[in-house]
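In the two complexes below, subunit A is the common chain; its partner is subunit B in one and subunit C in the other.
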Partner chain A sequence: MRPDFSSIPLIRRGITPNIDRSGSNLLRTCDHFDLESCEHLDYSAGLPPFLRGPYPSMYAERPWTIRQYAGFSTAEESNAFYLSAIAAGQCGISVAFDLPTHRGYDSDHSLVHGDVGQAGVAIDSIEDMHILFNHISLADMSVSMTMNGAVLPIMAFFIVAAQESGVMPQQLRGTIQNDILKEFMVRNTYIYPPQPSMRITGDIIQWCTENMPRFNPVSVSGYHMHEAGAPAAMELAYTLANGLEYVRTAIDRGLDIDSFAPRISFFFGIGMNYFIELSKLRAARILWARLIKPFEPKNPKSMALRMHCQTSGYSLTAQDPRNNIARTTLEALSAVCGQTQSLHTNALDEALALPSADTSRIARNTQLILQEETELTRAIDPWGGSYVVEYLTHTLTHHAWSYIQEIESIGGMTKAIASGLPKMRIEEEAAVKQANIDQGKEIIVGINSFQSKSSSEIRLLRVDNREVLANQSKRLSHLKQSRDSSKVEQALEHLRKCASQDNANLLDVALIAAKERATLGEISAALESVFGRYHAQHEPITGVYSATMETDECTVKAQSLSDEFAKLTGRRPRILIAKIGLDGHDRGARVIATAFADLGFDVDIGPLFQTPEDVARQAIENDVHITGISSLAGAHRTLIPELMNIFQRDGRSDIKVVVGGIIPNEDYPLLYHSGVVSIFGPGTVIAEAAQKIINQLLDHVSHP
Partner chain B sequence: MSLIPDINSLAKGILSYDRGCLSRGITLIESGLSSDRDKAQLLLNKLLGHTNSALRIAVTGSPGVGKSSLIEKLGLHLTESGNRIAVLSIDPSSPNTGGSIMGDKTRMPQLAHHEDVFIRPSPSGNTQGGVTHATRSAMLLCEAAGYNPIIIETVGTGQGDYGVRHVVDFVLLLVLPHAGDELQGIKRGILEIADLIAVTKADGDMKSKSGIAAKSYQHALGMRTNKLSIPKVLITSAHDNSGISEVWESIQSLETDALHHGHFQQRRQQQIKDAILEATRSLLLSDFNGSEYRSLNDMQQKVVNSKSTVHEAARRLLNEYLQSQK
Partner chain C sequence: MNDPLDLLKHFPPIADSDWQNLISKDLSWQTIEGINFQPYYRRGASNLQHLFDQNDWLICAQIQSTEILPALEDGAESLSLLIDQPTTLSKEMPVDKCPLYFRGKAVDTNLFYSLCDIVKSKGLDPSEFQGAVAFPEPIEPDFVFEIAQGTRLWTHEIDLCHWHDKGASLVQEIACAFAQLSDIMAQLKPGTSPNHLYLRIPIGERILLEIARLRALKIGISTILQSYQAPIHCLPFMGVSSLRHKTALDQDTHMIRTTLQYIAAIIGGCNVIVSSQNRNELMIQHILRNEGKLGIVSDAATGSWMIEHLTNALAEAGWALFQQIESLGGLQKARSWIESNIEQTHDQRSQSILSGEENIVGGNIFLADTFQNETPEGKSLIAPLDSIRLRTETIRYKGNLTVQGRCSPWLYRLINLCGLKMDDHQAMITVIETSDGYIARNSNDQQISFNHGAPLNVTAGRLMTLMESHAT
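Up next is the complex of A and B:
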């Protein structure tokens, strides 16, 4: 008897690829008819527009660079980690800085104690930079630094530290992110307003073009948009539009397109949608060549898009974290098949904390296995010619092109960002995505389906924040005693003067300050005194979450619960959604704010970068029932107990505190002990969380 | 639900400038429970004699015109000269879900931290008119807590914002510097309630256009309002912090002028009269529950069958109500 398959549905559920919401179902049976409309099929690798790769022989000659992004609290620990990674086969360093460094604060600044050393390494001065690269020859090692806000002091420390160890700027290899536009869109680690920020970006590009020919002065980053919820075409379009804006900035300064364009690099996020992600990388190359061509480059390399990729942190789950190894492997494969030039693979515990040495090793080995065991490196653009991939490449190119046209019609990305349009677009998509996950339309194994009963504990890396802070403070005060303070003041005054005029390159001036041992905080403050500090103000969106969730039972239940609460107590449940500390990732907080409003809550939102005092004051002044804190960068362990103490002090311990974001399991007891009533990790269904919160409030009404 | 202190200590707290007590007092006043309403009256009674001392200003204008940003700069200007100010901002509630998002403090980052400033966002609920039923009382509490001036930021949905005229001494209308098309969008009424107009966002590319915009507003005002004095039109930019002190100076001179001519007192008298009548109406409405009357059904059928009119039916119900009150 032949086996009967007729009762098994061929397609279990609709596959809705994340191209855009209006996009029809693109992953379907594609055949040669779909290729008739494709204009790009004859393009190859190594020649414009570089569809199949920026180099003619691709990985056959040299495989992609394994470049793991890492930073561990102190310069000493990070250095030790880099040295062992290099010994284990890593070929480039990628430095993660902590948030105070990103935002231009020294570790001993009064606002930042909760964040010091939490999400990366604290660098306060050139002395820290020396320690960071101890025993590493900067002439031979490519160094990538994720820095945007405090890019001037960090570049100055890097260049001077190299000089002091005998390496000249023209020998330095690597990349500085220096992509400030996307900070205003999604990541929020800017310091100054857009205009002076763009000047700094231009100064760095110009200085590097003239003095550091082997260094990439900007890494135009789509990764953070990807992680904030932007679908592929949108990530592609906004990233390239940012790149175009930097090109124009450089041209405006009189630079020749061929002198800098070949050194612009890109950075994309790679999620779980295998075919779309690899097609995205192919489409990116075509589009970039198309955008650069009108500048009439003589060197074809000016049109070649070179990229770094990172697997998606957003796709990782805190539940059942070993599943993340499989996710990361697939994403890495997609990036490699899309022909990336370098790659970071996430560690399996990256959804919980900074990766430990153990999990970092698995992440790095994932890439080594792909390079050494699979023979993948012998093929160029291995998916080229596939009906599906060619069709997706075509579609993504056209979708992205129309987004780019929209940005151009506003007058380029700087203007578009001022209008708030890109940020709003990305947030809408993020809210829809969240609603889809909450409803189980988008499946995440271990989160909204196939949950595992057994919990698998992973040993996490712990950061002893107080110890890092004490060390950094000690080193800072030592530095301040041993330097010539009148020379420092002179250098800072020079910096202030040049900032207020347009004709000097600020990196030239920052180099002098770095040599004199001015700290990162001092250099940033000098610039801030002229430029001011930027406070973002954008309207949150409403209605998107509920429109997607309209018929969902859980949503309806939550809405009727908040109506009931209002009848019973005389007003709607009121919640303050706050970010605390220096962590600027606000996608989660904003999605939650819009979702709670759609569930019938009165939602207060606060500015970014709040201290516990700020949050408590807003909660008390607005008289909310609940304060919800979103924490992604580890500062919760210091700052939330502080917040609870302030509520206690002010007689408002009746205001309930809930916490969401990336909270490792082992922090739960500490938070509950300090009085937190609920903790919602990644994968929480928002409507369920809302129900739980209202029920807790109602309990309190009936049993005060 | 939160353990609200008794009314006496709440009143005491408010009079001694306690931020937390003021905040809870406003919650009480905004509450929809009838038991809370009685308590709120008790509280207001205890504060009589400490109110009516502040200048009351409304800031209105369509969404996106920059109300919060201007208040941020105006507020900082005021605190620099030693004023303690309160901002009551009203945010729209969704008619579908009842929820709201109140992001005012993200647009007033410095004011929100200022020691001498109290900012309270309130959801509009289902009230029309740009102010909530409780705005007037909340304002009185702020006055008792020593804040002066009180700034009310309206919802900003145009037509509905007239209500604020009955609560404040002066209305500052904000407009964008796109003269022609903007003027079309502004209802005649909103121009008529404005005492002062400020063109906002006069910076960057719009700087040059804002002068023309201001002139066309000034011209249009001359044609379209029937007031004795035509409101002044100022040019401001919260971004460049320009024109802000002029706004305050103009408000002060409006005040001096109104006090001198007695308009100020007249307006407040009229507002109190209106408020009493409004409160009476809402008392009547809350007391009268139409569905309790048996004749409602009869009358409804009569209207359905073209035997009577809606007006006759209403008159009949009202008579029954008045009989029952005797």
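Up next is the complex of A and C:
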């Protein structure tokens, strides 16, 4: 019998299950959560505390900016890349500088040859900056620059280059990262000690506040903490605590909160846990408003957190790289649903090399599809009200607040960094995560499950380091011949004087040096002669990896092998974990150091930024059995063969060299040929690597 | 002339509420389904909230019978096999390992019984074996339900892809699903449990609407089943990827869409999600479950002010259309009427894509410079544009083009589609802007005229003929 549906309403009493107000069955971890207990549910977009977005109409008026972080090789090549990306739908530029530039060295400096043009673009002078933005109108294009250590010369080059092409500072739009605190915590591309570094940060904030009203003078970055292993609440708390420190620095200089706070921007990493990550961005906005409110701003925008997001590099895998398309898509969706203001999406080959033109296109298309085909730009905070998302927003807000309180009780982030607490906390989390992956408790597709039997063909971008170096050296040489050297020296002397006297804004002085064609290395060296160069010393944490892995068979086997080695030779296997060149990304190296110490090795952890000569000297002096090199920025092709030659020259070829990090398959023959005994790519189970290394040592003991 | 300005007489003061209403209207939007969509919803926006089942879905691989082992090794938890030719099932079918879903034109009782025999031969209880033997249309529901009695097999499929591929909107798909369900229930003996029924649902990339659509289906199905006094209130959903916007010439970009579709399918609560034979698509599901943690959240949309609103709006609109179909005597009788409605939707959508009004990344905008020679996907609205791009590979002499006048975004798309580059010095075609469009002329003085905003595939075809005649 067919019912008469014309009289039947869609919803019949008793059919549709009602919401269970306790929230049980919603999420395994939020049993018995009472949504009504959340104090934030009635917060909106565009009004403090900006839970649902910093602007009232959000993407309905203007979608987020597609801002892809890119730069490699020379200014000419990067400029061509930017121009093609703009033609293909990109809306803003985000400049990646190479490591020598970050560390304040010109490309022709003797310490840096392996890193020139590898992980970003080499910028030695204002001439390079002119080429970088050739055919790009700086009056119209928003430019973001990830620079912290050498922020003074880079800002000076940018401003003067713009002026020389007819664009005044007040017209410039964009962001300088200028977030030095997180460099001391996780990223390591600092140059000077913390105190003068903070002075430079303050000088830039002040100068931009007074002269560049459309430019963000600081981008407080949680991204690097995320990449170093910080979970969401920790990333939130430490980032905002850093932001608070910059606010206090600016206030101490007599700036009014409303004159600079609306121009502070933030930068978060977006990981794979979709609901947690989008909730993190909501929580960030509430917390920032809460932190700024006590400064009594008159302009509500001072309390609005605007952010750039980048999908996680940590979550990418070198194995089966096409899987990374799905990862980046999910993360980008999370950032958009969390209402970011701009976004970088990683390319599928970024766990292997710098992105190629083709993979950059796919990465950009991820955002274009989200803007053009999903209709998400029509929605403001579409997950608002969702029990799961509101629960996570509430939990993250409160959890992060307790971390912030802890930092405040130490006396703020500068003091907390000096105590080593934030770095230790992040390293502990990274070690636990690694142990969980190694044990298979956390599944990474293509790494510890569902591995592909066939290798995927991806054409990688290769930068010819020697060619870039030759090009940069030639240009530097030409620059030095064509400028007025006495005026350059005068400008640099003025810079040294101001740096030592603390009575002038250093950006003002750096602008003069840039106009006179002083190079980045010269400006940095002038400051270094007054401030000194900072060298961090950190011991690896111990016990965290083994505590998580204590019942793991592979771990037990590695530990017993190292005991066996100790019995046979009279001492434990000793390893030097070293970073070589200017690559400061040390999460992997530090996790390895922690884990190896827990597996029964004597571990020496080398300082950052070592030359092959430095590493060889330390290895020989400490009489290690193995030197483990972590390489993530492409310098291994040049520097590891050099290291092997030094061991050979000094008669210590018995010290075995192993390499880990991002090593493209096509580089393996070169490294093995130079004498490297093992290469461990991303996804290696550490205890298995340890076993392999000890077995090689035992083999050497039995058959010397 | 003595005409006092007297502004207030002509334009009375505007109340804040008028301005707010206008802004609200400006920001609001209507989907192709006719659903009104405000950008902002807050507490109290939706009177009705829903909570559906936990979404532990089965990862399913669409395979040929020779690909069973690799699919299982790649972590497929169920397998979907298309049977379009009479087939003898191998005794090696992994009935003891995972659910198997057979569908296709050649599915028949022989296949059903031979599957049951294989199940028994492996010492399994047929009443415990899960999977599908979906009989093709036309079906006598009573018959297929009767033979399935005593098993847990799904034998009757409500295939929304049928309507989707014709161009149906979400509301039309919902209404057709409701109507088809009602037709089936009306044919069953009273009191029969429809536990051998399932829905096969294409999932697109409009993620919020897709999640809402899946939830809306659950609401209406529940009402229909209760109206027939059926003992169950829910049916299983098998989600499949929509191919509507697929460009065969940019597979990596399409993986982005597939990921978004799976996310919607998972959050919307599909019980099974089918990946194509491409291993990468299977991996997407593993990544979303294991790394994205989407599986641990039950109906995450519960409470979302926006999605709850959309759920109710889609359910109501689908229900209203279903009531219209019912008033015409059910789906069988109303088929030509609803098909004609769907055709209009299809034409509207197709026109919008082919004219470049709606952007499909890699399909009609931001095209890849190079591509492999793949067959266009027949179910995709992009297929005519893919065909044009493939034709560019066959032209012997490509050359370049110059534009006299304004190069509008539409003309720029056309130029890209034809694989041409702007070059004033070595142009083989000159395009001249006119008052209502353009004239394109080759060096043999042959010319065509076309209107601005005309279907890109048609215009590109004519332009390429002009190029070919230049080349010859």
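Definition applied: the second predicted complex is superposed on the first by the 672 of 704 C-alpha atoms of A that agree within 3 Å, B and C clash if a C-alpha of one lies under 4 Å from a C-alpha of the other, contacts with A are read in each partner's own complex, and residues count from 1 in each chain.
Definition applied: a residue touches a chain if its C-beta (ideal position, glycine included) is under 8 Å from a C-beta of that chain, and two chains touch if they have at least 3 such contacts.
In this text the structure is predicted, and so the values were computed from the model without any measurement.
Student: Does subunit A have more residues touched by subunit B or by subunit C?
Tutor: C
Student: Who does A:Gln618 touch here: subunit B (first), subunit C (second), both, or neither?
Tutor: In the superposition, A:Gln618 touches subunit B alone.
Student: Could you tell me if A:Ile444 is touching subunit B, subunit C, both of them or neither one (first, second, both, neither)?
Tutor: Once the two structures are laid over each other on A, A:Ile444 reaches subunit C alone.
Student: Go through the superposed model and pick first if A:Ala566 touches only subunit B, second if only subunit C, both, or neither.
Tutor: So A:Ala566 only meets subunit B here.
Student: Quick one: is A:Ala379 in contact with subunit B, with subunit C, with both, or with neither? Answer first, second, both or neither.
Tutor: Only subunit C is touched by A:Ala379; subunit B is not.
Student: Let me test your reading of the model: by the given contact rule, A:Asp598 touches which partner, first (subunit B), second (subunit C), both or neither?
Tutor: In the superposition, A:Asp598 touches subunit B alone.
Student: Of the two partner chains, subunit B (first) and subunit C (second), which one does A:Met168 touch, if any: first, second, both, or neither?
Tutor: neither
Student: Per the contact definition, I'd like the list of subunit B residues that touch subunit A in the complex.
Tutor: Against subunit A, the touching part of subunit B is residues 1-3, 19-20, 23-24, 26-27, 30-33, 36, 64, 68-69, 93-94, 96-103, 105-107, 109-110, 112-113, 118-121, 123.
Student: Please name which positions on subunit A make contact with subunit C in the complex.
Tutor: Its residues touching subunit C are 1-3, 5-6, 8-12, 15-20, 25-29, 35, 41-42, 44-45, 52, 57-58, 60-61, 88-89, 272-276, 315, 320, 322-323, 325-327, 329-330, 333, 348, 358, 361-362, 364-366, 368-370, 372-376, 378-390, 443-446, 449-450, 452.
Student: Help me check something: in the complex, which residues belonging to subunit A touch subunit B?
Tutor: Within the complex, subunit A touches subunit B at residues 535-540, 542-543, 546, 559, 562-563, 566-567, 569-572, 593-594, 596-607, 614, 617-618, 620-623, 625, 650-652, 654-655, 697, 700-701, 704.
Student: Report the residues of subunit C in contact with subunit A in the complex, numbered from low to high.
Tutor: Residues of subunit C touching subunit A: 27, 29, 31, 37, 39-43, 45, 48-52, 54, 74-75, 182, 186, 190, 205-209, 219-220, 222-224, 226-228, 233, 245, 252-253, 255-257, 259-260, 263, 279-280, 283-284, 286-288, 290-294, 296-308, 315-316, 319, 322-323, 326-327, 330, 359-362, 365-366, 368.
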